[in-house]
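Below, chain A partners chain B and then partners chain C, in two separate complexes.
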Partner chain A sequence: MTWTIVRKEILANLLSYKFYVVILLAAVLVATSFFIMTRDYKERLADYSLIRPKPGEPIAVNPPNPLSIFAKGLDEAMARSFEVGPTGISVRAGQKSGNTVFAFFPTPDFLYIVRVVLSLVALLFGFDQVSREKEAGTLRQMLANQTSRSTILIGKWAGNFLSLAVPFLLVTTLGIAVLGLDPDIRFSSDQVLRLGLILALTLVYIAFFLSLGILISTLTRRASSSIVILLFIWALLVFILPNLGTLVARQVVDVPSVRALSEKREQVWTREILLRIKGQGDMPSHIRSISAENDALEADYRVKFDRLVNLSKNINRISPVASFVYAVTEIAGTGIGEEGAFKGEVVRYKNAVLGKRLASPDLKSSEYPAFLYRYRPLGRVLVRGALFDTAWLAAFGILFFALSYLAFVRYDVR
Partner chain B sequence: MTDTKPILKADDLSKRYEDGVLAVDHLNLNIYPGEVYCLLGANGAGKTTTINLFLNFIPPTTGTCFINGIDVTKDPLEAKKYIAFVSENVMLYGNFTARQNLDFFAKLGGKTDLAKNDYYQVMRRVSLQEKAFDQRVKNFSKGMRQKLGIAIAVIKDAPGILLDEPTSGLDPKAATEFLEIMAELKKEGKAILMSTHDIFRAKEIGDRVGIMREGRLVMERTREELQHEDLNKIYIDYMKSAEAPAA
Partner chain C sequence: MIATIVKKEVLGHILSFRFIVTLALLLVVVPVTTFVLTNDYLKRIDDASLRQAEIETYLRSYAHFNRIGNILQATPTPIPFHALVRGLAPDINLGEFDNDPLPVMFPLVDLVFIVTILMSLVALIFAYDAVSGEKEDGTLKLALANGLARPKVILAKVAGGGLTLLVPFLLSLILGLLVILVHPGVDWKGPDWVALALVTLGTALYVMLFYGLGVFISSRHHSSSASIMTSLLVWVLLVLVVPSLSPYIASFLSPTPSRIQVDREAERLGDTERDDLGRKLQAERMRELVAKYPVLNERLSEADKKRLMERDPAAREAFEAARKATQGAWDEANRVQGEKIDTVRRAAAQQEEAQTGLARTISMVSPLSVFTYLATDLSSTGLRNEAYFGRVSDVWDRAFWDYAQKRIAELQAKDPATDWWNTPVDMSDRPRFVYTAEALGGRVEAALPGFLLLFGYGLVFFVLAYVSFLKYDVR
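Now for the complex of A and B:
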């Protein structure tokens, strides 16, 4: 019986112009996103080949991550050039996106398309599922048979989920296959696995918004009321709540500004230079002292900054959309956790270079170790938060579906 | 008639809505195989509420509805196996063809092994034009939609049929064709409960006719009794007495 309803929903979608408009829109957006982001990635890759250090140069530069085509996240920040100087790290621009329009509009990566557009599309599939059938009178006709309300609801959910997920997956897979033909874009087997997980997570995201759409549809008697309420909730979930956490957390956690931190570093540097001029201590001990104090300042800043970030993330998780963004960017290796791990690795590299420099002052600049950043293993990424965010998103989807069942059981079909 | 078990039975059935309106008031009804029961009454008399109670769309305040001996409230899914329903405005999926609609509702009604020809046969039986079989329903007239609604009821082959003002808005030809199909279904032994405003057709097709007023069944006549009485006059008298101020 459930399959009968699933088939009916799929057929109804296939016969509706709404379906084709929506799928065409999704296809155009995904294709455009892949095109723009591939260009962006290639430009950054070209920049990387120009700025990449020569063997033995004490510079830490990470190549752009090919998964940033799908979720750019903090990849640009991670792809900057970190040069180890006599006393610390100088950050240079690194590979920057050549597209200045990105400064005015959000980066149109796959994550953005899914987060904003696909969520709206999923709501469009769900918003009138019950109220429209009630208005049309077909709900009465269905329930006059030996069909339970749970069967109808599950059938509707599954039918619409398949109607949306299958074409979307086909379009996306086709796009990825085309990307795979590009010789400049190389995905490792680990990245292919990560990409698979991102697509799976996208399905969980679609399921969440579809459940939300059906829930509101079961709580309203008219499809027109349903769409108005859903648009409000959508704006709240996608735009307002995920930014609220950052604003609230800033009021609670006091983090020094980057400028203050840099001034403190300069004070340390000036103090040590003055001490050196006065003839107190040798140069290596001053360098060690500057490095140690800078590391302590950085560590202190990092603790406060991490506290701010964690609080922001937790508040933002009121909206499962934020959980989706966190999970996707972490899996792609462009998330906050990965950036933190990367910075830690840069500091370790700096200490290794300085240690070597102090141990053998005559060392040639071409004899320093090369910087190589290895992304955190997928298992660790999942355990460190991506799995929780996925479960959180899925839990909301299940909760909304359960609530829509409860509402539908009491729904007046007359 | 009374030796056999009723297919449709309302036992001391009452329904009071949340706003206090008593829509059905201690209704007792037995409809047997091969019998057409016509329920007459003004708007708000309780006819549609009675049908909604049989379909378990709303719970009764007191009393019970039985379909083929099954308590509708206790086991609605089992009870609905034995009932088919045609509403006043048969609303189907406009983008589906007649056959696609029929196929969907037949499957919901438990008929999963029907072939294309079976659908065509049923549609021919309800006098739907051949050219309409594979046309989208959104272009159908009301009469055509009603015929398709009856086809859905026919294909389910349930022993009981509930009809909620099925001839309302139909042209005389379509209404006559409808009554012919009802007569055939009656011959097949179906128990039919039809709510209607149409006194003329109620007299023509009904084995028994009941008049509802303010939720109560205020009059019931058999076909034989109505041969000697003017149903139109009886109905109008009952309606007038309802409008008259209380003594």
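Now for the complex of A and C:
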């Protein structure tokens, strides 16, 4: 019986205006986003081949991550060049474009399309599931025929989920297959696995919003009030809550500004250099103390900053949308956690280079070890939060579905 | 008669469920945002003054001309308007090792965000059933059966709906402004209030525009459920997609060399190519001199040269000429290559400017971008302010450089052999960089086209709605 309802839902969707408009929109957007982000990635790859350090140069540069096509996240920050100078790290943000309009609007990557557009689409599939059939009077007739309410609800959910997920997956895998044909873009098997996980997460995300849509639909009598409520909830979940949380966290945790930090660094460097000019101590010991003090500043900043990040993450998780964003960016290797780990590696590399330089002062500049960043293994990423975020998202989806079941069982179909 | 319909529209909306939800939402979101942003602003003021104090301490011990380059820099200080509008985020700082990645993940909420995303959505939610809904209810045909002219109905609908929409926004804004007024740390001056009034006017145009668009879509549909579907589709495209795509489309249509490429090219021109040219020029000039002074052809050690110069005035002349020729050759090489570098950099800057302009133009297809530019320019947190800041910091740079030259000249007058580069100097009388926002006149002038464009979009949507409604089948 469930299967009959699933079929009925799918067929009804296939014949509706909504379905075509919405699927067309999603398909066009996903394709455009792939196209644009691929170009962006290739441009950054070309830049990388220009700044890639020659063997032995003490420069840490990480190539752009091909998964940034799907979730750009902090990849731009991670693909900067970190040059180990005489006393510290000098950063070059070469990839930064001079076009300031980029700074005004969010990056239209796959994550953005899913987060904003697909969630809305899922709501549009769910918002009138119960109230419309009630208004049309078909709900009554179905229930008169001894079909249980749970069968109807599950059938509706599954039917709509399939009619949304299947075309979406088709479009996306087609897009990914086209990307795979491009010789410049190489996914390792690990990255393919990660991509698969991201797609699976996307489905969980869609399921969450579909459940939310059906829940509100069972709580309202008319489809028009259902959509109004849903749009407000959607705006809150997708836009307001996650964006406000970051600001609220800042009220609680005090983090020095980035600029203040770099001024402090400058101060340390000047003090030591002047001591050296005055003839106190030898150069290596000064360099050591500059490096140590900078590391202490950095570590102190990291501690405070991690507190800020954790707090704002937790506040933002009020909205499962934030959980989704965190999980996807971490799995793609462009998230905040990955960036922190990467910076830790850069600092470690700097200390290794400085150590080598101090141990043998007449070392030629071309004999430093090369920097190679290994992304955290998937297992660790999952344990360090991605799994929790996924579970959190799924839990909300299940909760909403359960609530809609409760509401539907008591729904007055007349 | 129009007044009656306007009144009916206003009352109809005010009593509706969506009005109450909108009001509640805005009454919470706007004051909370203002509160949070105000605190953030005060924090940043504290941070700025703390940094200023640190810089003063630093200068007391280390005010050498060699040591201040990275410390004495023009930095923008927070302006009171940041309590409402954040504009271009200064936090995303890719030039420093410790950049702040949070705003990259979730851009901060501010008044512009609330207006552009939330208010436009609310306007469409209010408007989607303005015509199709009344048709479904059957009230539209009753109204028209009573000798009411269609133009009057549509005019009253747009006016009534748009006005009602502004009520929750204005109420919440007033509540938010109370937060700012109560805070003793935030000092809003006359121009700020005028700018705010203009931003509010822009908001009104923006909201009316979306309401007009909603009515237009509504009068193209016969069922309100289809109408909201189309409305949302158009909203997604106009508000969420077009602005984000525009810079990428512009970079596609008008490509620029990446900054790394330009830097590398400039480095090559100023380094290896300059050396080649310098050597070539030097060789050419020396050839002429060698013909004239054969002594130059002899391979002499520096000591021998010195001795020879002391003994023989002719040799001295020859070596002097050689030194001059060499110097001249390298100066020439530096000049030629410097010009080339300038040309490359200027060309790149021009291309970047062209691309930015194109991106801006493309993005203006969306009213969201128009409003964003308008509001950020008016509140001096946007593109225009960036250019303005560049100009004032250049002025300060020059003033400081003049001051430094003067001080160096003083030091040299006292003792010509002084190492002025590494001598502590009392710089307490240096010109200080004080950042103040641009005068209001310039900002308003910059925002004027935005106002016109918003008004134009609104007018077009209204005319479309009007025409569609005249031909609407109300049965």
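Note that in this section the second predicted complex is superposed on the first by the 407 of 414 C-alpha atoms of A that agree within 3 Å, B and C clash if a C-alpha of one lies under 4 Å from a C-alpha of the other, contacts with A are read in each partner's own complex, and residues count from 1 in each chain.
Criterion: a contact is a pair of C-beta atoms (placed from the backbone, for glycine too) under 8 Å apart; a residue touches a chain by one contact, two chains touch by 3 or more.
A quick note: this is a predicted structure, and the numbers were derived from the prediction, not measured.
Colleague: Identify whether chain B and chain C fit side by side or clash on chain A in the overlaid structures.
Modeller: Once both complexes are aligned on chain A, chain B and chain C fit side by side.
Colleague: For A:A136, select first, second, both or neither according to whether it touches chain B, chain C, the two together, or no partner.
Modeller: A:A136: touches chain B, not chain C.
Colleague: Taking CA centres, what is the chain B/chain A/chain C angle in steps of 10 degrees?
Modeller: That angle rounds to 110 degrees.
Colleague: Between chain B (first) and chain C (second), which, if any, makes contact with A:L11: first, second, both or neither?
Modeller: Only chain B is touched by A:L11; chain C is not.
Colleague: A:I229 in the overlay: touching chain B, chain C, both, or neither? Say first, second, both or neither.
Modeller: So A:I229 only meets chain C here.
Colleague: Given the touch rule stated above, what does A:D47 touch, chain B (first), chain C (second), both, or neither?
Modeller: Once the two structures are laid over each other on A, A:D47 reaches chain C alone.
Colleague: Is A:F82 contacted by the first partner chain B, the second partner chain C, both or neither?
Modeller: Touch status of A:F82: second partner only.
Colleague: Which partner, chain B or chain C, is in contact with more residues of chain A?
Modeller: C
Colleague: Enter the shortest inter-chain Cα distance between chain B and chain C once the structures share a common frame, rounded to whole Å.
Modeller: For chain B and chain C in the superposition, the minimum C-alpha gap reads 14 Å.
Colleague: Quick check on the output: what are the common chain A residues between the chain B footprint and the chain C footprint?
Modeller: No residue of chain A touches both chain B and chain C.
Colleague: Mind pulling up the chain A residues that touch chain C in the complex?
Modeller: It is residues 17-18, 21-22, 25, 29, 32, 36, 39-40, 43, 46-47, 50-51, 73-74, 76-77, 80, 82, 89, 91, 93-108, 112, 116-117, 120, 124, 128, 132, 223-225, 227-229, 231-232, 235-236, 239-240, 242-248, 250-251, 254, 256-264, 266-267, 270-271, 274, 277, 298, 301, 305, 308-309, 312, 316, 322, 325, 329, 336, 339, 343, 346 of chain A that touch chain C.
Colleague: How about chain C: which of its residues touch chain A in the complex?
Modeller: 17-18, 21-22, 25, 29, 32-33, 36-37, 39-40, 43-44, 47, 50-51, 54-55, 58, 61-62, 67, 70-71, 75, 88-89, 91-109, 113, 117-118, 121, 125, 129, 133, 224-226, 228-230, 232-233, 236-237, 240-241, 243-248, 250-252, 256, 258-261, 263-264, 348-349, 352-353, 355-356, 359-360, 363, 369, 372, 383, 386, 422
Colleague: Spell out the part of chain B that touches chain A in their complex, as residue ranges.
Modeller: Answer in residue numbers: 52, 55, 57-58, 77-78, 80-81, 83-85, 87, 89-93, 95-96, 100, 104-105, 107-110, 152, 156, 162.
Colleague: Would you mind writing out the residues of chain A in touch with chain B in their complex?
Modeller: So the residues of chain A touching chain B come out as 1, 4-5, 8, 11-12, 15-16, 136-138, 140-148, 412-414.
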